[in-house]
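Each of the next two complexes has subunit A plus one other chain: subunit B in the first, subunit C in the second.
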Partner chain A sequence: MPRWITTATAVAALGVISPAVQAEPLKIAIIESLSGPQTSTGRLIATAAEYVIDQTNTAGGFNGEAIQVKEYDNAGDTSGAATKFREAAADGAHVIIQGASSAIGGQVTEDVRKHNIRNPDHPIIYINVGAEAMELRGKKCHFHAFHFTTTAPYRTVPLMQVMSEQGHLGKRVYSINQNYSWGRDMETAIVDNADRFGYQVVDKVLHEVNRIQDFSPFVARIKSENPDSVITGNWSNDLLLLMKAVGDANLDVTFGTIFMDQPGNVANAGNVAKGHYVAHSSNIELLDEAGTEAYKKATGHYPVFIEPTTLNGVGLFAEALKKVDFEGGDINVDEIALAMENTTFDNGLGGMHVRKADHQAVIPIVVSQVASDVKYPVDGTELGFKPVKTVAGADAIYPAQDSCRMRRPE
Partner chain B sequence: MEFLIVSTLNGVIYGMLLFMVSAGLTLIFGMMGVLNFAHASFYMLGAYFAYTLSGLFNFWVGLIVAPLLVAIIGMLIERYMLRRVHAHGHAHELLLTFGLVFIFEELIKLFYGDFPVSYQRPDYLNFAIFNLFGTDYPFYRVFIGLVALLMFIVLFVLLTRTRVGMVVRAAERLPDTARALGHNVPMVFLGVFGAGAGLAGLSGAVAGAFFPTNPNMALELGVIVFVVVVVGGLGSLAGSLIASLLIGVFSSFAVGLDWSLASLFGLIGLGDWANSLGGLVTMPLSSISATVPFLLMLIVLLVRPAGLMGSKN
Partner chain C sequence: MRYALIAILALLALLIIAPPLLGTGWQYALINALIAALFAAAFNLLVGQGGMLSFGHAAYFGVGAFTVIHLMQSVEYGDFPFPTVLLPLAGAAVSLLCGVLAGFFATMRSGVYFALVTLALAELLHSLAPHWDEMFGGEAGLSSMRMPSLGLTFGSTLEVYYLTLAWVVICIGLLYAYTRTPFGRLTLALRDNEQRIRFMGFNAHGTKILVFGISAMFSGVAGSLMAISNETANYSVFSTQVSALVVLHTFVGGSTIFFGPIVGACVLSLFTFVVSGVTHSWMLYQGIIFVLVMLFAPKGIGGVIQAHIEQRHSLPWKRLAAPYALATLAGLMVACATVFVVQSLEIVLSREYAAAVARTGEYAPYTVFGLEWRVFHPLTWLFPLLLLVPGLYMLRRAFARIQTLWDNDESDDDGDIATTPELMEGGR
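And then the complex of A and B:
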């Protein structure tokens, strides 16, 4: 159910009383998977994004008005996202936030690009907080799209680096991924870094996404290659089932993962998860306690999984808003986009900014290990994510792709 | 040899799980002619109920009570929903159960949250039953297989060797005659639907502790159980068992075999040419192992439209 959030109604009320002409409120549309199988990700993104906007509104809003946020449920597919995009554009949205699924991200970013060509006077900004496909920063890149999450090579390099330093990567690496753009990106990244970190990819497997109930045949295949570590970009059930199947067979391998911190994983895998690695954009153990507790107070839980990424991305956007001032007049979206390019935001682990060439955010990556002596245990277990090392954004990031040809506003 | 034994074992156990879920579906279709799309939702409900009950009491209470609760829900659906639309034909029944799928999915999210819950088997069931070529084989997998086997035997004996089975089959074949002989036919249908739902609930309670219990579990298994029932022949219990095992074993072997169309061309000396084409031609079988059941369904439908053990019309 869409709802406009107007926590800072006081600000709006003041606007009515004061004699000034009415200001244009900034409108943000969150087009997310709020029903269907991807709800678990979509809901978290919406929660974190609204938290940041709420804070901005409490501090006085933007352009003399409270920022208006509206949720649109894309029901987890691209056609739903396209419909909701048209709805949001008709509602006069200036900014669209989306993250769950690269496929939907691809739909939204293309819709935004086309809208902006047709309506140069009323462009829309797309803030991507979760879609990791390389293509979105390559062939599909455009000036109004900002990518605050990482990509496969961006996460694989720090993951490999830290696992190798800790002596858990080994010489024999097994690559198992999902058979679509993301999994293929992961496989390429794993193969490409073999020489750099001195390992051999003993076998690589692509399997269908969220279709496989029984991973034991894959475990038999992994076992026959006798690897030291298994690197996988799998998420949700595909990660959980794989990890459990390997645990049940008592194979002695270390997992290097990207999405282990998805809620429910550690609880379900139990001690099987212990010792495995995850490369993520933040680990709350490294962050300021006051901020983390404030988030818990507002939302009922500590920021997890995709929430820190969303907090960072929307946080940088909110920071950029402070740099522009339309003095209560019409909002110029291009100016906000330019301000975002020139904003540095402290996400608690260091400064982050947006690379101008392809609008990929340069953010540090934390590599953590599942362990029992942690400050914030997860899922009601005694296990949690122990930060091992933070790799600076500049060391982890991949070079901008040649396929990105961005046309900037004059 | 190792590959052969491990893959067969994995495939058979997975097949038994598929049979466990699809048994209720084929029972309901065979006896009542209702194609129940919400069947996998009963499987999910069973897992969630068992999760709650195992937290309140213990694992075994969950295993026994959860299927009963699901059976009651199934009976309520039959009595107050399906029976009302029955007169309007099969399409309406199908659409009704299709809608129930979404309602159950969102209801589960409402009560249990979006994330997988931690439904675990008790520690004393958590051991390796034997060691196969250096890999521990978990006892619980064998347990799933045994429960499925038991289920098949009980169902088979009940339907073919007892008076209850005779009445049920009579009510399905000639409802008017059965009614004339003094049998309460609607009550029989109520019982069959409840039993079918309960069986799905039982498989959820058993399998949910092995595979994660999450709001998507109905979606993940929903399609494949239909494939099982279609391949086996609509309404045939033995057919379902054979189809489940076939699908389980085929999927399991497909993962281990890196065959592709290109390797097929290689046999006639066109391997290099095929490899240069790339795309679908070089796609290994393991990447599409989950489509194997559908391929099987396609072939079976072409050769035997009624399914492996289905009777014509």
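And then the complex of A and C:
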């Protein structure tokens, strides 16, 4: 913070003394969980975002200056995020990047909206690279918020489509999810697509989040319904323990998952994970080798889990910056936002752009299967994610929600 | 007493004058510190004065927050006019109600069982909230906007700061006044000997419920102020972290003194604000502070200050000056050594550093305290050792000397052992 302020005062002082034009540097604040239980995800997002900005800076920066990035630690809670948002706004941030939690996403996007209403001359853009709650694109949508990650229906539709094409979905589908807004979004998506892919939801279960140590009663219930496949949006321990319990019960079903690629999952599940599906917004197996190697060289690891999403989102933002030119003068954030609406970015799997109605990014979805014959095995195992099919963004995306009423700048 | 009044007025004047000169980040941090202070003071009514350790006070804090956010929403949509400045009253009322209800059950037991019941009641809300979207807003939470009131828009952080300050000062004033009333005395008696209260003809259970309710009510005001300031409420406010944080604030500040928890909450909130901007290891430092306070000053920061104020006329200040200066210096040396080691490890063990090593094949020098250090240079690891060992030695000597001086003073005192501070005893 001090450096920004001193630069700002120095710039202001210069402005008073001489009318010499000093370019305004673009300031990006990464408000992430950098300490506490969600650090691992927050760290990945910060690393990937900084990687993209570093590249832009190497290529000459923006507005004649290097882009300034600063990390703010929200300590994993909404109050911390609110504090850090105000700090970032006071520091003069133009853009905020966040993604490790939908709860914090809700706080940040609302803080940005209110800040922009109260300070129409200094608006801020919110780039969401990981918060998947539907509500952020619905009731809470606004012009300055851009969502580069998917949502429950956005991932479920391609997952079902590909599993159905591969003959692994079957006619009897079992839905098991966590009992909170995300899990319920998932369940709705699973039920809603039954006719489209010709299956029957034999049973649907919502269970407590990250509290269940033994999934065997649930597995017994699954077994009694004799499903062909189980679709779940579970993450972390809830996914791991569920898969293990299914493995222990020698149940022959195929899992369709959303978060299988979270680091550590495949290592923990081992061979139980083999053959199961995951729908994600990128797969390293399909990416250009030079790009992934360059990423590894800079950060020490290949892009995993939430990193490709971050690279896509911040990548589109960096691409949009090329379309605006303030000629070293003041930065107009609204113009950058409008440019982001009109930018198409090739993320290595196809073109992506932002839908105008709710600022949801239209990204291709890769559906992959856990298999052993892969180029990039994960977690120190011999297993990895073998891409089955890439579904174009336009085919996978859900319709914009009616609850989103976006007010655009005049 | 007169000095105390002057000190409080001076502090109040500072809290009124200083914020406009600070940035919005600091203003907001001060709002959070004030809210934490009120929450800790309300919590301490139960713990320090009533002798009932609750592990679930987040519940009443959260109930206050959600009440106000719902009310703010109906004001925003024009359904129900309610002045923004009076919103905390609504939070207080609902929290009082919940507190009396929960208190009725919790106070049937005391000690560990009481703590467990409060914990269970808070967890009940914490697990219920994510299932009830209409009431608690799901994962993304509820949100609203402050509406103009009394000719103020409440758009700027500064206006919210003054609103918070006014409420916190009034509430802490009320809580202090409470301790001076006969019922406040009864609360203290409840802590010291519940049996005796019963024999004196008071209804012990009823008293406990009322104390619980009042504590919950002021916690609700704190929660309301947070909802007003954040303009959002999320079910994570019911988490055990929130309950644990107020316990931490209270005990670091010192639960036996009225102003202890307030000091503790302010110090730790501002510490978090400043240090979390500098290092990711701030939670470790916060933990170290807690452990040190519990080990060496079990009455907390407030206890240390109070011991000094009480003994100010009898302490040999001139002879104490040298050992106090030495202790400060030695403390700084030990702190420097600790910070150096932690920061070095944080940098050297980070992924970025590992990636840089893999990329370049060499262990690049890193910067701590504005100087460059090499990982494998002996001086790098000798430096903290050179600070730590003499620092600890000096600290021991200084404290031994301070202890003697305090003890001497006690023998000079007219033998009133009861007022002897337990400050330097390092335990009980």
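Operating definition for what follows: the second predicted complex is superposed on the first by the 390 of 410 C-alpha atoms of A that agree within 3 Å, B and C clash if a C-alpha of one lies under 4 Å from a C-alpha of the other, contacts with A are read in each partner's own complex, and residues count from 1 in each chain.
The rule is simple: contacts are C-beta pairs under 8 Å (C-beta built on N, C-alpha and C of every residue); 3 or more make two chains touch, one makes a residue touch a chain.
Please read these numbers as outputs of a predicted model, since none were measured by experiment.
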Kindly classify A:166 by the partners it touches after superposition: subunit B alone (first), subunit C alone (second), both, or neither?
-> neither
Given the touch rule stated above, what does A:208 touch, subunit B (first), subunit C (second), both, or neither?
-> both
Can A:114 be said to touch subunit B (first), subunit C (second), both, or neither?
-> second
Report for A:55: first if it touches subunit B alone, second if subunit C alone, otherwise both or neither.
-> neither
Touching A:40 in the superposition: subunit B (first), subunit C (second), both, neither?
-> first
First (subunit B), second (subunit C), both or neither touched by A:87 | second
Using the superposition on chain A described above, determine whether A:188 touches subunit B (first), subunit C (second), both, or neither.
-> neither
Using the superposition on chain A described above, determine whether A:179 touches subunit B (first), subunit C (second), both, or neither.
-> both
Is A:72 contacted by the first partner subunit B, the second partner subunit C, both or neither?
-> second
For subunit A, give the residues common to its interface with subunit B and its interface with subunit C.
-> 35, 39, 43, 179, 208, 211
Enumerate the contact residues on subunit A facing subunit C in the complex.
-> 1, 5, 34-36, 39, 43, 47, 72-73, 75, 77-80, 82-83, 86-87, 89-91, 102-103, 105-107, 110-111, 114, 117-118, 131, 133, 135-136, 140, 179-182, 208-209, 211, 297-301
Inside the complex, what are the residues of subunit B that reach subunit A?
-> 2-3, 6-7, 10-11, 13-14, 17, 106, 109, 114-118, 120, 128, 134-138, 140-141, 210-212, 214-216, 219-221, 224, 248, 251-256, 286-291
In the complex, the residues of subunit A that touch subunit B are 35, 37, 39-40, 43, 179, 205-208, 210-214, 216-221, 223-224, 236-237, 240-241, 244, 248-251, 262-265, 267-268, 270, 379-381
The answer for subunit C against subunit A in the complex is residues 23-25, 27-29, 32, 127, 130-131, 133, 137-141, 143, 145, 155-157, 226, 229-232, 234, 236-237, 241, 272-273, 276-277, 280-283, 351-352, 354-356, 358-359
